[in-house]
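I've put the structures underneath this note.
Look at the two complexes coming up: chain A is in both, with chain B in one and chain C in the other.
Let's turn to the complex of A and B:
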């Protein structure tokens, strides 16, 4: 039992470990541990009492109840635990397994925080393991490709600068048929709102930009999007452990907003991007808080509704259930606003998943896991039987729609729903707002 | 035997308390220095209110999700920690020693209550050991350090119980008991028992992050 018995072939991991020598492994492991970690890692590794309470926390261990190597402490035990015990004297095969475990079997969702009396932060430890893997050059191919894209073009999907503005103009052009006065204002200095998205939106979910523009237009928001790099708020480098690049991405994002002298940044319905901008990237750059205020779409929609700036022509037929994305609920406490927005939009009940809110189970896609691509997809879906059971319980009570204000949750839940033939639809809030709002004529 | 008793309750006791107190202080100070040097982006978010909020919420049995999901462990660990701390401090025989050596006197527990508390600690240790052997998720992560911590804690309570009930020769047993207690004190800063020193701070840090940044409960 353990990661060595469930290795999955991945080109990136295989090529990475082929270049390792024992000396290089030892040098880099110790460089990261002594150079980049301090009291947190020391205290966690020393005071974890190995009580096993966290086994109840993790969707992976709950979905593999007979295999303790999937528990949070079990995962640390097989990775950081070994590195600290051996002083980094491990072989390349070990690094392969360690990388697979850290990148694909922990979503960094931090549900285990609710289970550890000591307050051990397993997400931090697994991030540090990933940092070591990154410095060793051992990363899964798919996610590394997105990290390369970030490095080369400052967005996750190899979108060229001209393709970005073309996509926006294309959406504006399409939308003006439905909303004759609609604009997607590019580079507007002094706008109230700087709207940023993740690169998959212009790449293959372009309708989300259309919908966002429609909502901004209907609500009369003074907004802008940048024409230059910085527009992508996503961050796979944060998840591969390429923190230098993460810092550059976040700096570019904030500086893009500062250049346009906007009042605040509103981010689309994405969880991991919010984590990177709100919680992680700013710290790497030495900012305690954000140089420009940051707001997630859920909170922004909530505010528009409070101000009476969105009116509905109809309500969306319920009942619905709500997926609480960890990065905006456990990471920002938006669970009540999410439900208030949902109640405003939906005719019918919210059938809650159990557990819910900050205790909700992760989608198993976040933390960069879905970005590790097809080789790890089946393991990811199998690792979240517990989510399938949560969803099936709401489906039995008549729920056909899962409101899911996060791209990764969408991807993860889509695969689970499909695999288990649950027949449920996934919706962003913006899907429903766009569908149900009063659409201003001319 | 008398000379041995004099030694373990004299110089050895001073040494054990010295290692415990100075060692703990040194560990705390050096950990704080390390945190200042290496964990500034965490330290910056420490907050008294959210720290206490987290500590208090975790000190209430069955309040945190983790406690609720493992009820047997919750009962065992709360009973264990309360008896482990309260029993020895308020044991009549220990209170008498404080009075005898330093002239400090304070209230003590009735002997039968202290006896039950000792049994609770011993029973909890056996339960913890049983979990380590029988529960796969605990067995998988158990190391030598964890067994060592368990034995170090069990020993003074077991020997104290035997000494009080005059089993196995009182004079020998009381010396073993004193030595075992001194080993436990001296081990606190340098073994898994150091969670006694650090847990309040790791808890406080998590509480500060969840309260001040994440606006979510961490229990």
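Let's turn to the complex of A and C:
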């Protein structure tokens, strides 16, 4: 068993490997390993004891319990392990499988770090494999198209400059029907909050912008959004391995906020973008931390509630369960604030999925996996049977709503719920806050 | 009124607008802006009966519009806003809309003196620029990163030269982007183009380009440098020599190249925002000599100061030595802002600071700063004693002896001219 037995046809991967030669593969593999890695990769590769404890960690291996090729150690063994052992002397067919595995069978969720007795970060190794794949030009079609979009228009969905502000003005118009006097203040220099989103929001989830504006309005927040590129905090280039473009995107995002002299950035309910902004992209640019304070929406809503700036007209009917997005929970420790916000909003219990919080299972969409598109959807859903079982267990206890403060988690859980006919609804926190809050009168 | 030599530089204070209260019939008033000469304050306002107008020194524009946004004063003191009427967008200048209207218009830009006004437009799904109401003859599938030359006679943008089918990797990587100058695109196509920039005379344009997913370079008037790099940042023309400098990334470190030749060895964790002095003899840039530690380098030599974040670099004339005056801001976590000038650090920290302003003849630097809810300015390291609810960017008189302070405090818009030595 191994990746070679489950290859999936993809236009981008096939196109990429068709241009490879053994010499090019060897040259690029060694250029990345010698030029961009060091003690960390060497320590990981030389200290992994093949103990198998990581098998328990990974939702893919938990969902394929009889196939060790889905374990984190197994994935490394089939990819970076071979590259190191052979010195990069592998063929194009190997690269195809390596790319498919790295891009679609590892969510870079870092759950396995918690289970490894020596702390091997398989997510880092898989990111390095993806970096090699990017350098080889072997990336899945759909996520590469997203990376192209980022480079051309500074957002992931080919949203043109005009479409961004036009969408905001449209949502502002709509919201003024309900909240006379509401503003989505564009380019407001010196605002307390710079609110940034990901491109699916202006593209097809405009209700999230409406809801954010309603919440800001009701809470009396001094906020702004930029009229120029930089507004999209997402970053699929981080996941394709195009780190140069990742840096360009993060620079644009932070400099957009710096230009407006805001006090801090609040990001919408997205996990991967948060990872890019607070951890990866910022550091590629040379900043040790983010140059402007960054808050995820969970933290922001928690703060508004603590300050008494959101009051409820009603509570949302529970019980509910909570999906812990990897990048804001394992990455930032927002699990308790997520639950405190949920308790404030919900009338009823939080029926926990187990394991949860920092030991949560990933949605299997994150890490750019869902962005690899339809060819890999079935494999992705099959790779998260364990999440389906978790959700089903809460459904059996009466849960109909899954609170999911992350775009990718929404996509991943939606596919799982639909596939397993679990009959559960997914809600962003902003969906519930907007539905239940006291709405200011005219 | 323009140029600044014609402004009222008599020391003293004048009230420009005694009351900034919401007038009758106005639902809300948006953020105030001040004209460069300080003689006018203006804001967009929503009318109770529907529509938007502007309040300029308290007086409404003669005709309201369905919508109005992106308010800006031109350098010569005209108040502009992007406006919509009957579903079409245009630019209103002192209340008068351009004759031409578009499906969308945004991103107002001005020539250095303000005589020329440009904006990005979309018409029938095609994109380009519009100069003083006249759109480019050729519009494109997309046009962004628009820029106007200092004299306003030329404009450039990154343009998309052919349509892309959904997820067509091959077509994208062959290159469908270029730079159009005054509506005419370069012959060359690239995978990506970014940040076109004019030279001082508005005759030449340089831009960042990506030749493949991995090869970056600089193109000047469509011609490549000939050297490729792992990454580049925005190019700038030397105002004296016309040479082009851009930060370049080599083997994981950043340096500076000029016309394709390395002039600052790649040894920085970061290097960006380079600027030439007015005489072209000096160049400064924000650099990170170590990871997480930023400063300013002048002609490749870093200052001793280190901050986690450095921003707002400006290079002006140095009155004493006829050389360069270099100023920038440093901060920690977007707070505790400090002002750096020529390698020294002014006393005092601020909750926020704005881009330093160097006097035209050199010798003085002024910075708008904020602490808590109050704003003021610091001049040559001394804090101006009066605080305001809001101040606008400072301006020096042409001889550098007077400082114009435009402020709003307790509902009153003020115009103050102070002697620099007392400011």
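Convention: the second predicted complex is superposed on the first by the 442 of 442 C-alpha atoms of A that agree within 3 Å, B and C clash if a C-alpha of one lies under 4 Å from a C-alpha of the other, contacts with A are read in each partner's own complex, and residues count from 1 in each chain.
The criterion applied here is as follows: a contact is a pair of C-beta atoms (placed from the backbone, for glycine too) under 8 Å apart; a residue touches a chain by one contact, two chains touch by 3 or more.
Note that the coordinates shown come from a computational prediction; the quantities given were computed from them, not determined experimentally.
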{"item": "Which of chain B and chain C A:134 touches, first, second, both or neither", "value": "second"}
{"item": "Touched partner set for A:288, first chain B, second chain C, both or neither", "value": "both"}
{"item": "First (chain B), second (chain C), both or neither touched by A:319", "value": "neither"}
{"item": "First (chain B), second (chain C), both or neither touched by A:440", "value": "neither"}
{"item": "Touched partner set for A:118, first chain B, second chain C, both or neither", "value": "first"}
{"item": "First, second, both or neither for A:66, with chain B first and chain C second", "value": "first"}
{"item": "First, second, both or neither for A:348, with chain B first and chain C second", "value": "neither"}
{"item": "Common interface residues of chain A - those touching chain B in one complex and chain C in the other", "value": "36, 283, 286, 288"}
{"item": "Residue ranges of chain B in contact with chain A within the complex", "value": "31-32, 34-35, 37-39, 41-42, 44-45, 54, 58, 64-67, 69-70, 73, 77, 131-132, 135-143, 146, 149, 192, 194-195, 198-199, 201-207, 210, 213-219"}
{"item": "List of chain A residues in touch with chain C within their complex", "value": "11-12, 15, 35-36, 134-135, 137, 141-142, 144-145, 148, 151-153, 160-162, 165-166, 169, 180-181, 183, 185-190, 227-229, 242, 244, 247-248, 251, 258, 261, 263-264, 283, 285-289, 291-293"}
{"item": "Contacting residues of chain A [partner chain B, same complex]", "value": "1, 36-40, 42-44, 46-47, 49-57, 61, 66, 68-69, 71, 73-74, 77, 113-121, 279, 283-284, 286, 288, 329-333, 355, 358-359"}
{"item": "Of chain C, residues touching chain A in the complex", "value": "27-28, 30-31, 46, 67, 69-70, 104, 106-107, 120, 122, 127, 142, 144, 160, 166-170, 172-173, 177, 191-192, 194, 210, 213-214, 216, 230-231, 249, 251-252, 269-270, 272, 288, 291-292, 294, 308-309, 311, 333-334, 352, 354, 370"}
